[in-house]
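Just below sit the structures, each encoded as structure tokens.
Common to both upcoming complexes is chain A, partnered first by chain B, then by chain C.
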Partner chain A sequence: MAVKKRMKDFTLMEKIYLPSIVAGLSITLQNMFKPKYTMEYPEVKFMPSGHYRGRPVLVQEEDGGERCVACGLCSRVCPALAIDIQAAETEREKERYPERFEINMLRCIFCGLCEEVCPEEAIVMSKEYEIAFTNRQDAIYGKDKLLTPIADLQERIEFLRNNK
Partner chain B sequence: MESLIIAGIALVKVLILANIILLTVSYLVYFERKISAWAQSRVGPNRVGYAGLLQPFADVFKLLLKEDIVPTQANKTIHTLAPFLALFVAFTTYAVIPWGPDVTIFGRVIELSVVPNINAGILYVLALTSIGVYAITLSGWSSGSKYSLLGGVRASAQMISYEISMGFSVAGVLIFSQSLLPSEIVKSQSGLMWNAFLQPIGFITFVTAAFAETNRLPFDLPEAEPELVGGFHTEYSSMKFAAFFLAEYANMMIASALIVTLYLGGWQVPYLEKLGLSAGWEAIIQVAAFFTKLVFLMFFFIWVRWSIPRFRYDQLMDIGWKVMFPLALLNVLWAAVLAMLIK
Partner chain C sequence: MGKFILDGQEIGFKPGQTIIEAAKEVGVDIPHFCWHPSLSVSGNCRVCLVEVEKMPKLAIACATQASEGMVVHTESTKALSARQAVMEFLLINHPLDCPICDEAGECKLQDYTFSHSVGESRFTEEKQHKEKRVPLGPHVMFDGDRCISCSRCIRFCDEIAGESELTFVNRGDRVTIQTFPGKELKNPYSLCVTDICPVGALTNRDFRFKARVWDMSNTSSVCPGCSRGCNVDVWVRSNEILRLTPRENEEVNNVWMCDEGRLNTWKHVNAGDRVDGPQIRRGEGLSKATWDEIYSKASAELHGFTANEIAFIGSARSTVEDNHLLAKLANHLHCKNIDFPRHIVPGSGDKILRKEDKTPNSAGALAAGISPVKDGLAFEEIMTAVKSHKIKALVVVEEDIAAMDEKYATALKQLQLLVVLASNFNATTELAHIVIPAATWTEKNGVFINFEGRAQRIRPAVATEQMDRSLDGFSMSRLDKFGTKFDRWGNYKKYDARPVWRIFLDLGHLLGLKAKFEFAEDVWEDFTKHSPGFHGITYDELGEMGLTVKKNYI
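Let's look at the complex of A and B:
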């Protein structure tokens, strides 16, 4: 029976196998002396740029009030049913505000849909990724934790204006 | 009195060696993780103690505190026996390996190996390493799990195949030394007459077989994680798992020590006697040389593990029988011819 020559048949050099082993070994040896990529986390922190989706926060205007008009769109769109809003009236121009605004961080999947749907640019994704709690009650973030001064969110808002 | 002193010396040697082995083995695990990390541009364990140096102790404490689970399907006696058989084999093999020249302390000649002058030293090593297969096969068989069984069966088939080329490579060395005594084998490689240079083919087949015998990558088929979960030790936990782990690294150390003894001139440093040092210094340098060679080989074992992918099972058998075995035979011939020419 004739032996068919195939494209993937090895040449003699490859069949001996030792040269390839030496080549492989030299690559790993070189790697051992190259700079490492590991970020040593608690000491060195990861600094995300504006595109990063950390935990969602409420935008707080310079005068201290929130932007949110409690329209409930974010709550409606949230695929994980993480947002709970109780609307109330206010004397201010926009007439409505959320009396209670809660995001359950155990439910949130950081999809960013709330941010996308919000007509007021009132809820945006922050850069914060260190979210840990020791019981389920603590996981429900109220307005006290959600309100973030607008100055801290400039980068994300700019990113949204350019890309949304 | 005389016999008491001899027993005392033997005991001290056993204690020293056992401690060296335990320490080396635990730090081998640490360096395995470190070197794998470096090869992959990572940092590796660095949290416990300075640069992670206390990591081995943390690992051991963790394993000690774990629950020891024995599957209901398992054969309890053998399931318990197997890991300790593995450890027993791994630790007793060191007895005959010389780690330094004879030294004279207080007018008494002391050989630096636990049981020197055993006429069948190398045979003893080969016999014990074959018992090591039983540990793996029995553990796989007694676990009552298909993955363990497959791992155990693979281990036995692989060991038998590679034992042959290993035996024949050793034969090449024995032709030169004309003795089964490890210390004689070391002495026969004085100067640069290292067997690694005289019989390069035998060296390569022996090193390859050593990798296969210790179940290290690229021959770690018995515990191939992607196929067999954990292989023969799938059903082991707590200290029994740790026993297998220790045995694996202790075996790696034996294999390195054997390679040094058989092929790299043991504790000898070429042309050291030309420097005219005092006997004490010479002995110290020679012991240090043995351990340097040992460390380099153990590094090589780890280095290879993180560079070369695992063989397929049929490739493994192909290489064992169709490549390694003929090469080892060829090496015996070559050694015979060379011995005729030189001696």
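Let's look at the complex of A and C:
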């Protein structure tokens, strides 16, 4: 059987390794004098820009009320069934509001479909990524944890409007 | 029977039938808002426009009678563009408030906008605004913005309920619906307008905002409000009943049901006073016991009485299966005193649906043998005998006897043993020595037989502790299918209650009754074997619509 010359057979230069080692060391040396990109988390926090999909939150209007009208679309579209809503009637012009709005953060997969489907721009993905709990009950976030003043969400809302 | 051509296919029609009716019979659904099979034709929504060859203009399928040799096109360019134009007109003043609207998900306008409209609006002007949140009556809320003026509700009141309460006022795009001066929409069938309203203009005040329709499961059942036995759907989310809607059955209720049945027949299922687990009297109050405890106590105590000292009170609110096993047990104990109280409310019936007999299963209770055996005592006589200490032990099934009459309440206090099967605590359970939690009509399988002798199935919609939605063949919503016990909506309250027939079966075993049934269906089979009119009728044959049994058998 004839011996085939294979693509992966090393040449002499490759076989002695030294040139590659030198090349590698030179890259290391070059980078030693370049600026560092490593972030020393948690001492230094990562501050994402508007495109980032952190945990979903509810938009709280300046008057303190929620934008959400409890239509249930986010709950319906959620592929992980994380969202549970109980609607009720209010005296305001939009006659429906969420009496209970719960997101189970153990189920949430941060896909952002809730935000995409929302007809009221009432649920958006925040920048918050530090989500830890020690039991299942704490993982269910109610309105108290979800409502976020609209001022804190401007960047994301602008991002959404620009990238429809 | 003539023939005409609909979209290239020859179909038959009966003389006088309109195009839409003939098409419906062969399964072709011509879009319609104002037309309703049970109401007169008004022809004002114009969405059913079809092209009929040799007619100068498009014709509305709901008001054009089919005739021999007619050639109808529902999907031609002309018909389609007309339909799209009509949809665009209807949407001019219709608000885009589906997120708030309760009809969303079961809205005809939503469906047709999806399937028959161009997908965008050219209307840039201000929409016409009308009155919102107008209570038309005690049960119905009206939203003028959403109304598309189809007049179904007006025609329903005039033609079906027989009380003219609603009318159009104003003209053009300001037209809206109002009650006549000094009147309210409060006929006994008023909530049917919320079913036939093709949009969310008329909503059920009892159900408003409670749940999205796609979050609920619906179960075919039968209303227990009176002996008509209207076919209903029971809508459940997280094991809680949220509403009832009528289910079409031309033989019984067509597509209607009364407000009384729709609102008041299921509230007790979710109520806080449910009997949760067996209760036994210890000293003054009732306290919880295990099933084994109460079965052995009840059977041991019943053993201590002679057959003449015992009486059984069945119920026309329980199913045939329940009453069948009660009759079986009474027969086994040679007890002749067995009957059930009647709940006839004179003057409460009408010619539409409502009957004076306020129980769903009087005929079924009789067919199952809940009537005094020769020389046995009837209900009134039993109560008299209780008072005079002749009857010492009484078993009551799903009846609140103490609340029926003051004298019954005092009589019941004389008893040495009062066993009550009840779903909720009431005046009778107050006096009981043993309270056995009975499953309600929404928690068990069974059959009701209505006043005409029509046997109809009820199915479980709410799970009790012993049941599992998937294993027991419940209708399931998406939430039921994927919920876990760690989800708040999956971890719902289940009551510890059992169907009456199962309670009597287990109790009967301790008293020496030899019977073996696994499911309600087996009990029904046993019942049909012993009842001539029902020979060979299975649950499958009863199906969704039920079967009428010859009257002379019941």
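Here, the second predicted complex is superposed on the first by the 138 of 164 C-alpha atoms of A that agree within 3 Å, B and C clash if a C-alpha of one lies under 4 Å from a C-alpha of the other, contacts with A are read in each partner's own complex, and residues count from 1 in each chain.
One rule holds for everything that comes next: contacts are C-beta pairs under 8 Å (C-beta built on N, C-alpha and C of every residue); 3 or more make two chains touch, one makes a residue touch a chain.
Not measured: the values here are computed from a predicted model.
Q: Give the label of whichever partner, chain B or chain C, reaches more residues of chain A.
A: C
Q: Which holds for A:L81: it touches chain B only (first), chain C only (second), both, or neither?
A: Touch partner of A:L81: chain C, not chain B.
Q: State whether A:G24 touches chain B only (first), chain C only (second), both chains, or neither.
A: first
Q: Which holds for A:C111: it touches chain B only (first), chain C only (second), both, or neither?
A: Neither partner.
Q: Contacts for A:T38 in the overlay, against chain B (first) and chain C (second): which applies, first, second, both or neither?
A: After superposing on A, A:T38 lies in contact with chain B but is clear of chain C.
Q: Starting from the residues of chain A touching chain B, keep only those that also touch chain C in the other complex, and list them.
A: In chain A, no position sits in both the chain B and chain C interfaces.
Q: Under the definition above, what is the set of chain B residues touching chain A in their complex?
A: 35, 37-43, 46, 204, 303-304, 306-308
Q: For chain C, which residues are in contact with chain A within the complex?
A: Counting only chain C, the residues touching chain A are 98-100, 104, 132-133, 208-212, 214-215, 478-479, 482-483, 486-489.
Q: Where on chain A does chain B make contact in their complex?
A: Residue positions touching the partner: 18, 21, 24-25, 27-29, 31-38, 40.
Q: Give the list of chain A residues in touch with chain C in this complex.
A: 69-73, 75-76, 81, 84, 87-89, 94-96, 102, 104, 106-107, 119-120, 136, 140
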